């Protein structure tokens, strides 16, 4: 209100324990609140709190822990998974959670297609009648026991099961609302859906009968959309919201210096990179790609645009993921070497290329334009004249998928913490046309990645992935830039909030002190 | 008058039809597939193809256009590709937000602009005149997004007098009835929320009002000066009328006619042109809605949204024309 | 005869523009007596309108200013009168009608509104009464459908009717003096004849003095008692209608009269004054007409003539010729010009 | 009498009144309604009438600046209405026009030289030098100095501008000049200058004039014959002597008696016309003048009188003379 | 010829001799006396000079990054401070003048050329051609112009050149209508009638009479349109749809700077002031031109 002083605006600190509504400010609105039907992070952030999955990730990584399933067994051959379900859990609409409900949900997804349940197909190899579909059947052994039978072993199966899209929805509600279930989500999660005002806010209320004793602490969680990062920070500073996502790294100092606020760092599970489309002009030449790798001063970029909250990337996947090859030596920032390689490749005077800059901020790349400018300046030093080009996000992706860019900025946030979700998805020749935007195609790499998909022995898999990273380093289809630590800012009196690497957080344990 | 009005309304149809064609083809000329956008970076090719088919976007353009126009003729604005909701339902809250903002801005602009113009004309070449006109010139010379940011910085961040953005306090949301919050809060008798709604309106509406205010002030001034030179004003003075009456009775009514055009035009422009203000102040308005829809390639939303804005624009100008007739007996529409 | 109703003495009015001071009226003095019709003639730009606006105090604000002289009306100097006082006088004691009936009425208000406004401004009567009076006025000026006309707008009336309305407004408070600035110039002859007849009648019935500004000598001969001829911001000749037309003394007046084509018979050749009216402020010394005058001699170019009395009472002319032989432009001179 | 130079027969011009959005025609203004007259070589035909009676429209139709709705115009034996565009342009060398408004009829952005030269350029007459020479000559002829050539119209007074307009009309050595109120905008003293000039030029170049004006004195002064128009119709046409001295049509009589005479001793009995000119969009039935005519008969309301010769060369359209 | 002879060969000095005769000359005289307009012209000239001499005036290379010197406040070394790349804002603002003037001038030129063409065709031929063109203008004017510009840029791809095209397109109907109404009203002028009367062809009338007489309003409108175009370009730049980095377009600089509003206000203030001042200059000049060229001011 008018004339409100700074102190009282800061938080509800005058009446400490009274605050039980958390306003969470983020960049965009959800698309749908039926988690199985969406692929966007903004939807999953909300559904994560309305729904539970059979297994959940641990706080800081993607190792799994019990959730709706309390325990599980895996057969020797890795083809049969048996889950014991939690008893006495009810959906928000009052119906019972049981094995039937689990079977119902998996049947629903398996009967869908790439359009209706996109994640299911990509994580489980397809749908019911597809050759490649991994799940042979899902059956209820009794009311609280579910058994999954696979056609072939799938290494990251448990991690997949724990992904937020595979959350268990109330069968009654699904049938009741049909197409509109996305606007009337009913799950078992810590919060109950109350209201959704598009592009503005989603309001969730406490699930009083939540199975986790004593939780949730909050009475209400409100997700509000404020697209502009600075505007969102302003809203936080003025007490209009309690937690904000995507703090501009450049604003870090400002928040850190303010006692009323705290910074939350989301453990990194991402990579930002410069794709070097291997089918275009000088970039066809491996030496050129290597030269460009030598030419980028990653640390300077980190200091300037990530406020130091990132580490230089040398591999296409972050170190937290099993299989990360730490033995690899990154290309150092060495302009002389770069020039020499260019000369060797037949471009002693450099050349001209386009450098495409992401038009939207992402946690791994808070400001594509500016990073592009910095890289442009780097390239200029070895005679490579980069023209910065930017399209709207939709066009950008579309054109990238068609291989129309020379060099481009992009990044990836892992879905389930598995190496396959990075290396295969981003650099395998099978992924050309979808997420392999560099059109990089290497048979040796392909064989390794495909083999790794079917092996369930962790160590063996990791070895294969390490090999794969060596090939990628040598071939240099990318300039891996950074693994960033996405920043969030919130009021100082918030407790129990641990941002998860996947980007979706449960607010079960969050409270104001 | 009535036949004229009917004709004018009918005249809107070809213009809107032409617009629908232009919009339809223009947005399809924008590269990028809505299905891809909706499904995001991580979607598979199959998923994109399936969604494209489901949305009917793989049909030939003329089929799509005919379907769209057919829908329009039946009063169906279509459904949002992104949310699946009928646009007719979805659009109103955004439209209302913009209407509220634009109207408040226009009221500010008209009240201040017209009066400043009158006083300037009356005291031509006085210090008031000079200052007002210099301010007006600055007003039209200022990029409003810059003004908006400066306002935000000063009044919201530095002085902490007013909220930075949005239409309402998220912790104390207003229960929408008409979605015009000033009216809604009055209807529900919640004075605290009414006050809150006003506070949220101040900064964006002032930023938005700047240009029309400046234009109206300049227009009123020059129009007043023009009228005050006319023969009938001399007649009025020859009767012995005081300057005050001459200005407020005889001059103002005549001078307001060209100003009305400007007011009409500017109101129309505000409705569609508030995108920058809406962006800066996170105002959930129609400009922003359409702008976002362009990002999502939400074709039906872009098409219908622009048509609605254009229809309102044309409608406002129609009202201005009718107002002319009400003011000026020389204009007879038949 | 008692003292004059209006007496203008040495009136000087200037305009102050980007190009400097323009002396539009430069030392004009004349009088109007009660019930009299005074004509002011002269070519375009000679200062007729500015003189009348100076009297009304309606010079364009900020540009036009009375810089010298006095205007005595009923024992009061209007040059020094306050704006408040002027408001009381305007429309009430001195009224004015203008050349352009098409634009002199406010297009957005009904005739009734504008007429009632004039009536109520200076009388304390109620609306109903004022309206009745308005009807009466319209009938007086010869508008047949007075009642309906009150509710009509100016654009619905023809030029002649509008000029009648203007006269009705001017006469609303029965002013002592009516200034008519070319009231018929924009009208057709048949309509002009109607309007002139009306004005003559008003002059006769109410004894309203009329200051009739025109450039049409026919109109002057038609209704005026006395005439003032202006040239370049000055009066060059003044006298009774008879004197001016029968015994014009100033070469300019003579030229003016002789250059009119007459409908009563074809002149062999029109007399024409060479050259054109000088722009105000461009003549530095001597007689202002000297440059166009065929009788001009050295003195005319060096010295400015005064208004000299000639012959009968009240006949004055600004020409050295009258001093020469006491006779001004004689018949021989006129004849000479005819032969040329 | 000498041979005819131009003959107009049954000239009509109906302007459509359009209304509404779709520009539908909702009526017609009968600006000129069946006008017939002849102009003889070397004479001046005056046309008078009140504002809006169709004088200008008639004048413009003769040059086909406005396409006639109906009727024929013969100029030196050519049917003007049948000429092609190119032939028409050729014809305009011989038929010229002087306009009323000396301010509006000269392009403000052209020098006098350019304005005067333009007719020659358009008709491809002379070399550049010759054209310049002729411009200088013509300026002298109309009483301006050749040093005026480089000036712009707004630097001249009204009378001087009208002289420029006249010079332009003379540039191509035309045979006929249509002068549409050439002196109405001028002060009397200047008017006399211009009228004298026109008379001199007529003698010097054996010109034929159609002289349009509403000032009856001026028309009498300059014309050999005079036509009186009322509401788009010619109501009387006669040589000026008999028209002014013995007018026949009641309208002509009223018109003449309305003119104020610059003579304080002249006390003519006025015949005041009542009412205003009716609208040409809705002219009265029968004789257009019957609504204001003091001698109105029943037949006048029903039948339109034809323009008939009632005395030698004196034409009147009035039922009184049938 | 006696009468003619008597008319003095040299007319009296009624007409003051004027230095320049044409209306343009007189307009210039009027313009020169208008102090405010001169200030406007001065500002415009100032920015033009700056734009032309940018390489010599700018103390630094506008794209030279000094990441170590990010967000420095104004100082003797960096008069306007540095931006988040450590680039000298002063130098960038100077180079930005080039871009804004370029876009302003050429987009308006484009609108004038296309608008005039359409306007002339519509005004001169009338009837259904006029109908179609006028409806087209109606359609374009009914579009929210910024959305139309965004749409055009979205189709063509964001770049300075495309922003210029978009701005040119959205301003076409304004000029088109202006020219059309000029053509229609000049067509009614008596000197056009006079031109026809001397047998002039339609095309000659169009090019020798109508167009030159339409020039004054086009110049006035054009000057004012440059002002708007500069703001529009900045708006597109602000939305990221105009000039691409490292071009120092002012609107783009503002959008880059808005994240540092609280930390480094100078990054925001100077480009904003530059826009305002330039636009103000064009507006003042346009107003002055209007007063100078307005036919109503003619004596």
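Should a chain be cited, it is by its letter among A, B, C, D and E, assigned in written order, with residues numbered from 1 in that chain.
Just so we're on the same page, a residue touches a chain if its C-beta (ideal position, glycine included) is under 8 Å from a C-beta of that chain, and two chains touch if they have at least 3 such contacts.
The structure displayed is predicted, hence computed values, not measured ones.
Counted by C-beta pairs in contact, the busier of A-E and C-D is C-D. Chain centres here are means of the Cα atoms, and by that rule the chain farthest away from chain D is A.
Averaging Cα coordinates per chain places chain D and chain E 47 Å apart. Rounded to whole angstrom units, the spacing between the C-alpha centres of chain A and chain B is 39.
Chain A and chain C, compared by their mean Cα positions, are separated by 92 Å.
The residues of chain D that reach two or more other chains are 157, 160, 193, 196, listed in rising order. Residue positions 269, 272, 274, 276-277 of chain C are each in touch with at least two other chains. Under the contact definition stated at the top, the residues of chain E that touch 2 or more other chains are 3, 7, 11, 14-15, 154, 258, 261-262. Those residues of chain C whose C-beta lies close enough to touch chain D in the complex are 43-44, 158, 160-161, 188-194, 196-197, 215-222, 241-242, 245-246, 255-257, 259-264, 266-267, 269-274, 276-277.
On the side of chain B, the complex with chain E involves touching residues 14-16, 18-19, 22-23, 26-27, 29-30, 137-138, 140-143, 145-146, 149-150, 152-153, 157, 269, 271-273, 275-276, 279, 287, 290-291, 294, 306, 309-310, 313-314. Residues 30-34, 36-47, 49-51, 53-54, 82-85, 90, 93-94, 152, 156-157, 160-166, 169-171, 173, 195-196, 199, 279-282, 284, 289, 292, 294-297 of chain B are the ones touching chain A in the complex. Of all residues in chain D, those touching chain C in their complex are 50-51, 157, 159-160, 187-193, 195-196, 199, 214-218, 220-222, 240-241, 244, 254-266, 270, 272-273, 276-277. Those residues of chain A lying in contact with chain B across their complex are 1-6, 9, 21, 23, 31-32, 39-40, 113-115, 118, 121-122, 179, 182, 197-201, 222, 224, 226-228, 231, 234-235, 237-238, 240-241, 391-399, 401, 415, 425, 433-435.
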